[in-house]
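Chain lettering (A, B, C and D) follows the sequence in which the chains are written, and residue indices restart at 1 in each chain.
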């Protein structure tokens, strides 16, 4: 029996279509079909300045946009060969880890939602709302943040923001703990997830898994630890590892990563030094408004940057950061003009989604749900 | 650090060219060698993770004259394309490889002439190459010889042209695809080759193209 | 809050951002008034049910039956089930830190314009919506149109018929008529429930099959397998109660859980003679424990609740619906037919709660104060309080079932089967054997002791079995 | 990674069932008897009888947007009420969505600078990235209205012209005098 799931089906969050062949309730074969959310990220980017690509990156993984902003801007900075200021590095890590928490909360909530535990979803959403409010205060928008800039970030912490964050983090962790209580040791949940969608470590690497899905199989690969970027080398955190690579491991690993990200956020708040949030180099960063309003040099630099864009020397780099779902890579090519010559993004979800037929083969159709949720496919980054 | 990898490749394939930019090591090999090079890296340098297969169309790389600004360059004017010198080899395919154990990365680059867009597939080596090769095929029209299921990945099969090529007009409109009758799912075989089932014409992954054992 | 100029801009466009905070005193008064009104309403409903039955009873025995049908089935079950659609949403909202539906207004009534009335008009809105939605029959179902239309009726009718044997009040003289709020007093009692409940299988199977939809078919298959499996457990869990009470008749069971009529009467007479204010409730075990069914049958009660939850296909046993995988056996139904399926589920919830109340929670009995009430008022007033008690207990059970529904993830289909056949069936068999043995050995007193010990064991088990220790200590990676 | 076998209590579903129901029941009773707090900020949700309800009944109560929120655009007026904009097209150039349309003109009576004859923003195209604000060399466009773009019933209504965009408090920078070729007729306050 062939059953068509999606692209509009309650389980297929995002827009993906699965053509599933069933034998009874057992999945014999599944063919995923993607592209319903394809928006032409690469082509659009080739017709914008380097700076104008930023809003597009918000819309890749729309659950943790700041991580995409950071990943992309780090690529541009790598092409330019510059580093951003120290405070902005802390800010990027801080906001990035908050975004990581929101992403994991979304994933965990979705697992609960589609397994029938709607309450879990709402608790996770409540916690996510609190964090998105903080993101909104920091960046000016909840999801479409466009917050990073070449050589820094767009805005500093608003007054009183730090205290607000410190106040709402305990509530976030409390709600996370309630999710933990409702799911983690519940036998129904464990029966539904343990031993479901197992992938061995070798196979996971072969399929190109990264992020929580790879670490659930026991492979210790986290870009934050393997190649510490920004100020991750100054942070004290652990990379939780799974053992069996099943859905339960992926779930509990995300739960643990929320706690680790919480640690990083607190450390960032403590260690963050004062200082500028944007480099003072008018070739790359917009001059301060005072100069623009008052000096001819400032206006000229400003106009040149806006009209011509940042002049990035020719070259080709692949830059990789740890996105919420795995290694977020940008393959950037510049031809020395103001626009990116070619951008291709390695959404961590794409290789993981390509393994979905392998993961669900032989399981019941009901198992499709937790497996599909636990790989946390985000339509935006997979389908670009 | 990664220079050792380039040396490893050049030891076996002397005509491979190594280069580096901002710390990214690149080794450019001939098209026929790509499977062997990748296999060598996979087996001897433990580069088990294929991060991405990306491609670049170099058609306007040197000649593009506009600066930044979305307004200024929404479309390459037709006269600019006319006068463009034919850049050959026009396409580059880049395999971004990574070794989790040794924490080394290397990019293997293949250059392709536009009259012969064929690359041997590396799907036997990396399963994740399946979708990346389909992606590159979808966007650039580069054919991966030997790929088990070389279909469009993100776009639909009726799509005309390859959108990430530099000579693809940005404002080109695609023809509307007529909607086909939805076949009766229970009684009577549908129009698709699999009999009653999903309407095949609307999908770009028809069942007929999938080897049941391809995924396991 | 309008301090900054830009905030004034926002105010010009959209009005104040945050309405004034309600005062604590107002909240307190509202809460107290609301709860008082709620209790008064329930008391009124109790009186109304009895009054309707008494009025109809003037028309003779058939009239009495009709009165009970009107009062219990049409008013109690129907209205409760309808309100439960609302309560489910409201209660779940409270559990999930939400507000719940509160948008529908009765705008046609002048005084109620712009008053959400805590969302109660949503019930009306739902009903209207279901009545006026297009009744769509898919093309594939046209061949089996009769069966397709029959399925929702088969789901709906038994759900309401089930309540016929549930006694809501004792036999009492009310407004000069000898009445009992129970539609059918039959010898086979609870067996009627099992017989009718199995009819629901036909509804799901027919709905799944005639819909001509693969997902609905899957749902129908799952439902029929699940319902048939849990019939067995459902029956066996109650056998212990049959042994304890020695009867199949629900009104007998309910009567046995409090003071019997003659004893009550004589106790009241004695107390009146002695001038006591309080009258001792002789049915109370050990001086403090109501002799209700849950005392005799802890395991039976828990298992029955679980099995009943599975039998009425509510979460976590809602795999036949499984809205995120297959949408459910009623996938192709729309309008009123879909509504019948939904309302049947809530009606079944009411029925299950009624049966649990009758068998395990003492039915209509009030613990401790029954003789005192009779001493100071009379039997008619007692019956009003008893109907009130029954409704409150029923609502409590419904609430528990809803908490369960919202707390857990869904089972997988094969895991439900495993739970039913491999866990619940053996335990219920064991319960039957244990109950029978104790009953033969020590009678009902012995069963009460057994029940007490079982309760203690269960509580200790739940409280003391801590989270399993972490066996593999965190293989954290640190570089 | 806590990953262990289940304890007997968990194996029988009972323990976690009771715990899970406990969490829900706690929320239920807290919220039922809770003092519905209209301001959903968790920081303000401390104190007696405060519940945990996080819903905002939207049209009646709204969360105030934070100060830095990128909302609907406005054209900043000068002290004399004319737009600060000098029609330099920077915002239109920087806009990734190309939602700004400008036509420049010159003041006849005042020899100041250029001004926009037409300045239109298509709020449906706008992706609210804030690049126009950053790109403006005159502080003439801002997104600090504290509101979002209102919903409209047809697409043309979402195109806001200069008159509807020109609102809010006037702004005067100390450097502005450098750009006036003759003094303003209305002296600064």
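Going forward, a residue touches a chain if its C-beta (ideal position, glycine included) is under 8 Å from a C-beta of that chain, and two chains touch if they have at least 3 such contacts.
Please read all numbers here as calculations on a predicted model, not as lab measurements.
Enquirer: Give the identifier of the chain nearest to the protein's overall CA centre, each chain being represented by its own CA mean.
Expert: That would be chain A.
Enquirer: If you tally the C-beta contacts, which comes out ahead, A-B or C-D?
Expert: A-B
Enquirer: What is the chain whose Cα centre is as far as it gets from that of chain A?
Expert: Relative to chain A, the chain whose C-alpha centre sits farthest away is C.
Enquirer: Just the number, please: Cα centre separation of chain B and chain C in whole Å.
Expert: Centre-to-centre distance between chain B and chain C: 60 Å.
Enquirer: Could you put a whole-Å number on the gap between the CA centroids of chain B and chain D?
Expert: Measuring from centre to centre gives 41 Å for this pair.
Enquirer: Please tell me the distance, in whole Å, between the geometric centres of chain A and chain B computed from their C-alpha atoms.
Expert: Here the centre of chain B sits 24 Å away from the centre of chain A.
Enquirer: Between chain C and chain D, what is the separation of their C-alpha centroids in Å?
Expert: That gives a centre separation of 48 Å.
Enquirer: In chain C, which residues are in touch with two or more of the other chains?
Expert: If we look for residues of chain C contacting two or more partner chains, we find 95-98, 214, 406-408, 467-468, 472, 474-476.
Enquirer: At least two other chains touched by the same residue of chain A: list those residues.
Expert: If we look for residues of chain A contacting two or more partner chains, we find 48, 51-52, 119, 126, 182, 185-186, 188, 220, 226, 240-241, 243, 306-307.
Enquirer: Indicate the residues of chain B shared as contacts by at least two other chains.
Expert: 69-70, 72 - these are the residues of chain B that touch more than one other chain.
Enquirer: Inside the complex, what are the residues of chain B that reach chain A?
Expert: 21-24, 26, 48-52, 54-57, 60-62, 64-70, 72-74, 94, 96, 100, 103, 105, 107, 126-128, 130-132, 135, 139, 152-156, 163-164, 168, 170, 194, 196-198, 203-205, 207, 210, 212, 215-216
Enquirer: Please name which positions on chain C make contact with chain A in the complex.
Expert: Result: residues 92, 95-98, 214-215, 218, 315-316, 318-319, 322-327, 406-415, 467-468, 472, 474-479 of chain C touch chain A.
Enquirer: Note which residues of chain A are touching chain D in the complex, please.
Expert: Touching chain D: residues 48, 51-52, 54-56, 119, 126, 129-130, 133, 136-141, 144, 146, 154-155, 158, 164, 167-168, 171, 178, 181-182, 184-188, 190, 240-244, 248-249, 252-253, 256, 286, 289, 292-294, 299, 302-303, 306-307 of chain A.
Enquirer: Show which residues of chain A lie in contact with chain C when the two form their complex.
Expert: 1, 3, 10-11, 25, 112-120, 122-123, 126, 182-183, 185-186, 188-189, 191-192, 220, 222, 225-226, 238-241, 243, 364-369
Enquirer: Using the touch definition from the top, list the residues of chain A that touch chain B in their complex.
Expert: Interface residues on the chain A side: 2, 4, 17, 19, 21, 28-29, 31-35, 38, 40, 42-43, 47-52, 78-79, 81, 202-203, 205-208, 210, 219-221, 226-227, 306-310, 315-318, 320, 327, 329, 331, 333, 335, 337-339, 341-342, 344, 346, 350-351, 354-355, 357-358, 361, 383-384.
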